[in-house]
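In the part that follows, the structures are each spelled out as structure tokens.
Common to both upcoming complexes is chain A, partnered first by chain B, then by chain C.
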Partner chain A sequence: MMEMRISGLGIAGAFGCGTRELRAALEHGGVKPSFCADAGAQSIPVYRASTTALERYLNKRVLRRIDHFSRLALLGAFEALEDGEYNFDFIPARERLGVVLCSGFGALSTTFRFLDSVMDDGDSFASPTAFSNSVHNAAAAHISMQLGITGPGQTLSQFDHSFISGVQQAQMWLEEKRVDAVLLGTVDEYCSVLGYCWERFLGIKPSTQMRPFASDSSSALPGEGAAFFLLRPQQDGSAGYARISGMECGHVRGSSPRLGSGAPLILGCEGYPDTMNMYREHLPADAAVACYTPLYGASPVAPAFDVAIAALALERGKAYPAPAAPPAETGWATLSSGSAVETLTCVDFGVGGEYSALHRARPCL
Partner chain B sequence: MDTKAKLKQVLVEELNLEDVTPDEIEDDEILFGEGLGLDSLDAVELVVVVQKHFGVEIKDMDEGRPALQSINTLAAFIEEKQG
Partner chain C sequence: MQKPGVGISGAGCVCGAGMDLATAYVSMLTGERNPQAPQRFSTTHADTYPVFEILSPLPAPGTDAELLRTTRLALSAAHEALNDAQLDRELLRGLRVGVCIGTTVGSAMNSEEFYRDFRSGKTPDMAPIERYLRSNPAAALARHYQLDGPSQVVANACSSGTDAIGVGAAWIRAGLCDMVIAGGADELCRTTYNGFASLMITDTRACRPFDVSRRGLNLGEGAGVLVLESDAVLKRRGRRARGYVLGYANATDSHHLTAPHPEGRGLKAALARAISDAGIEAQQLAFLNAHGTGTPDNDKVESKVLCELFPEVPVVSTKGYTGHTLGAAGAIEATLTLVGLEQGRIPANAGFSQMDPALGLTPTTALTPVQGSIAVSESLAFGGNNAALVLGLEEHI
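Then we have the complex of A and B:
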């Protein structure tokens, strides 16, 4: 595959907004979920993300028709382009920039609010603005409109594996030379219906704490956020965080990710016992692992946060402290804080048995 | 609450006018363009809002254009239709 370079990062989650706040959370921990009273019979802990930082880029009047989901996406997009020092004064740059937006669930809050209004008041009273925001590609449209991007746009949804699908799409566009760069983002939001499901079907309680390697009972806490990447071909010589040197996807029924012995891995464990069993079965016994989901919770955007953390670690050449240690019986070592890293692979198993492995290496400067 | 006050409140809430309060909207302020700054998408939303909150239907552009000029004109239109 053609290697890609991550040259800009835009992230917003429970840890805060931007690379500086994510680095601080990685170094010092302390990210706590908040409690959402609307989740059902009792409030459950949720890793919420704020979009107040978006007012740095857009005024309130512009934002008034843009819902939380699209605001998260816009915040990630602005941050990634600013971080990657993308030159918008150069008009062809707008035409040669692709937008790929990935989401597992889409704009949940707006979608349910729109459906509720149809059921409560009939379709003639349904808000046209709510309908337009409930469409899955609304966030990508907001990004293109607000940033003046006229290159191709694509919205993808493949639940837990939406992000890896987006990486494939970006790689294809760059290889075809259809674009010079791709703004690849993943965004997902929490909503009260999701909270109800978490409580009802996963048994999450107010006292539940996120234990990513749990195999006895589910400890996954819902999260939300946005993670955006400005991707360029590796050979274009621009600076960046890391190279994407390989990727693989599959299903546990037919294959297994190719992970080298002792390979440093970032695992997407979110506290689901079923997927934990897949990690146990398919990872090398001597793997050195880290898992950072206690900083942002469980959601389809979590694999993209993992990739952002890997990029930050590879940029500085050292691993960040892992907030949770793997159980001793796995035999896995904890990727120790400060240990030198030249390559990192982010591995993610979905509840249906799908897996993805994204291989990254330090940038070639 | 009279029609004008309710209209202003509904306008701010339903159109998410975060940078203005109901009290700041003048009765004779032009709603679209340079006045309050609403646009054609707001007009569509406003038609739904008026029907939902006041039970009054704006059937076409001939009816809507003069009614949607200001709070004064819209309130008068609603009150007339409500009889």
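Then we have the complex of A and C:
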């Protein structure tokens, strides 16, 4: 595959907003979730993300009409472009910039707000604003409208594997030379219905703490946020954070990720016992691993946050401290804090058996 | 430089016009259409907005009640397409087969029954959520056929089906897959019915794309699927492609959430890039299958662009026979475009009787013979997405 370079990062999660705040959370080693009391449910811990920083880019009048989901996406997009040294007043070749937006669930709150309007006011008085903003590609549309981007746009939705689909899409556009750069982002939001599902499916309690490697009971805590990447062909220009040098995706029913012995890995473990079993089965016994989900919780955005952390680690050439250590019986070593890294692979297994492995290397000129 | 076309070895379609592709096309050629009030759900609107609903039971394997109807529609169309390509699960084994499906409803967690209970403080049963979680259309198809290639759901609103086929063709061209099951699927439901009614773009009569009296769209449901196959695998199987995906492009308006750019900026760009991608000239087109929803805005912008770019090319909108099937529309229309090329004739643009002088476009008014082996199928979408596919009967022009 053609290598891509990450030349800009835009991130917003429970750890804060931007690379500086993510780096700080990584050094600090933890983020405390907040508590959300949901209708008919107990208060459960959730990794929420704030979009206050978006006011740096858009005025309140514009923001009033944009929901939390699209705000998260806009924040990620603006941050990634700014980080990639774009000047918003003059984005060159807007028709050569592609937007790929990935989401596991789309604009959930607005979807339910539309249903509220039907149930409260009747079929004839359903909210047109909520309907048009509930469509999955509304966030991508807000990005293209606010930034004047007229290149190709794609919104993808594949639950936990939405992000890897997006990486594949971005790579394809760059390889076909349809675009000069791609703004690739993943966004998902928490809402009370999701919290209820979490409680019912996973038995999450107010006292639950995220234990990403848990194999006895579920400890996945819901998260939300946005992670955006400005991607360019590797051969094009400056070094950036890291190179995406390879990618694999498939299903355990037919294949397995090819992971080298002793390779440093960032694992997408989120505290689901079923997926933990897949990691145990498919990872080399001598892997050196780190997992950072206790900084942002479980959500379809988590694999993208993993990639952002890998990019930051590769940029400085050293791993960040891992907030959780793998259980001794796995045989895996913890990727030690400060150890030199030249390559990193982010590995993710979904509950349905889908897997992805994204190989990254240090930037090069 | 002209890129190689990507072979289409099979096609399947289920929609309001017919339960399979051949039946649907025959019914269109004879001018049949029968939009009516929704049968599977009721609403309290004072007016009735007719729809093109599938009332017959879905063919196997679209019968699994544990899946969303959208996914079952996709399974039915995929089954027809794979049969058409003379493929079965056994033959797919050992091949790298991808799945790319466009949808809108299939990716939305919007069970009214569940949510009504939730918001009233009850403890709703989780079955509707479980059904939603196992019904991602691409993942469900991959699971059903035990596939291990890439799988992707495109959620670009009404251009999703067109985009999914374009993505699938790119996977073949890049050597990522030997074969791709690509298309789109969407079901009719109260959420989209109420949503489109709230936007005041649904008609109380049968839709009339491009006609001076048009008042809006009719919703529909269905699925369209193409089997895309690499040249090497086609040769190994001793099969000849029915047709080819010659070009594809997608561009955004950057204008409005639900209204197209008044000058058709994104549509023009998508069409120009798709034509360039295929390495052809506009005058080589036998016909163009338009988005043609019947809404005042869509038809106005689309006419403007088509009159400017393709003044001599016959235009038909098939939505007068199928309704607007949202995420399935582009895929259903791609299958119909393929059959139109094969048969060398396209149906009358149902609902059209009088040209709108503000549009200046006259689509087909009767069953129309067409000459040539290349056609375009295009889609516009909420969010300002525009997508175009160039399909042909020959790999090289």
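One rule holds for everything that comes next: the second predicted complex is superposed on the first by the 356 of 365 C-alpha atoms of A that agree within 3 Å, B and C clash if a C-alpha of one lies under 4 Å from a C-alpha of the other, contacts with A are read in each partner's own complex, and residues count from 1 in each chain.
We adopt the following convention: contacts are C-beta pairs under 8 Å (C-beta built on N, C-alpha and C of every residue); 3 or more make two chains touch, one makes a residue touch a chain.
The shown structure was predicted, so the numbers you read here are calculated from the model rather than taken from an experiment.
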Query = Should the superposition on chain A be reported as showing a clash between chain B and chain C, or a fit?
reply = fit
Inquiry  = Under the stated touch criterion, which partner chain does A:121 make contact with: chain B (first), chain C (second), both, or neither?
reply    = first
Task = Would you mind checking which one, chain B or chain C, touches more residues on chain A?
result = C
Inquiry  = To make sure I follow: the centres are taken over C-alpha atoms, the vertex is chain A, the ends are chain B and chain C. What is that angle to the nearest 10 degrees?
reply    = 70
Query = Does chain B (first) or chain C (second) touch A:60, or do both, or does neither?
reply = first
Message = Quick check: superposed on A, how many Å separate the nearest Cα atoms of chain B and chain C?
response = 8
Key: chain A positions touched by chain B in one structure and by chain C in the second   = 124-128
Request  = Enumerate the contact residues on chain A facing chain B in the complex.
outcome  = 59-61, 63-65, 121, 124-129
Ask   = Which bits of chain A are touching chain C when the two form their complex?
value = 39-40, 94-95, 99, 103, 105-106, 108, 111-112, 114-116, 118-119, 122-128, 131-138, 140-142, 144-145, 147-159, 161, 165, 168-169, 172, 175-176, 178, 193, 196-197, 200-201, 249-251, 253-255, 352, 354
Request  = State the interface residues of chain B toward chain A in the complex, per the touch definition above.
outcome  = 14-19, 37, 41, 44-45, 48, 51-52
Query = Residues of chain C touching chain A in their complex?
reply = 43-46, 104, 107-110, 112, 115-116, 118-119, 121-123, 126, 129, 133, 136, 138-139, 142-143, 146-157, 163, 167, 170-171, 173-174, 176, 190-191, 194-200, 249-258, 265-266, 269, 273, 381-385
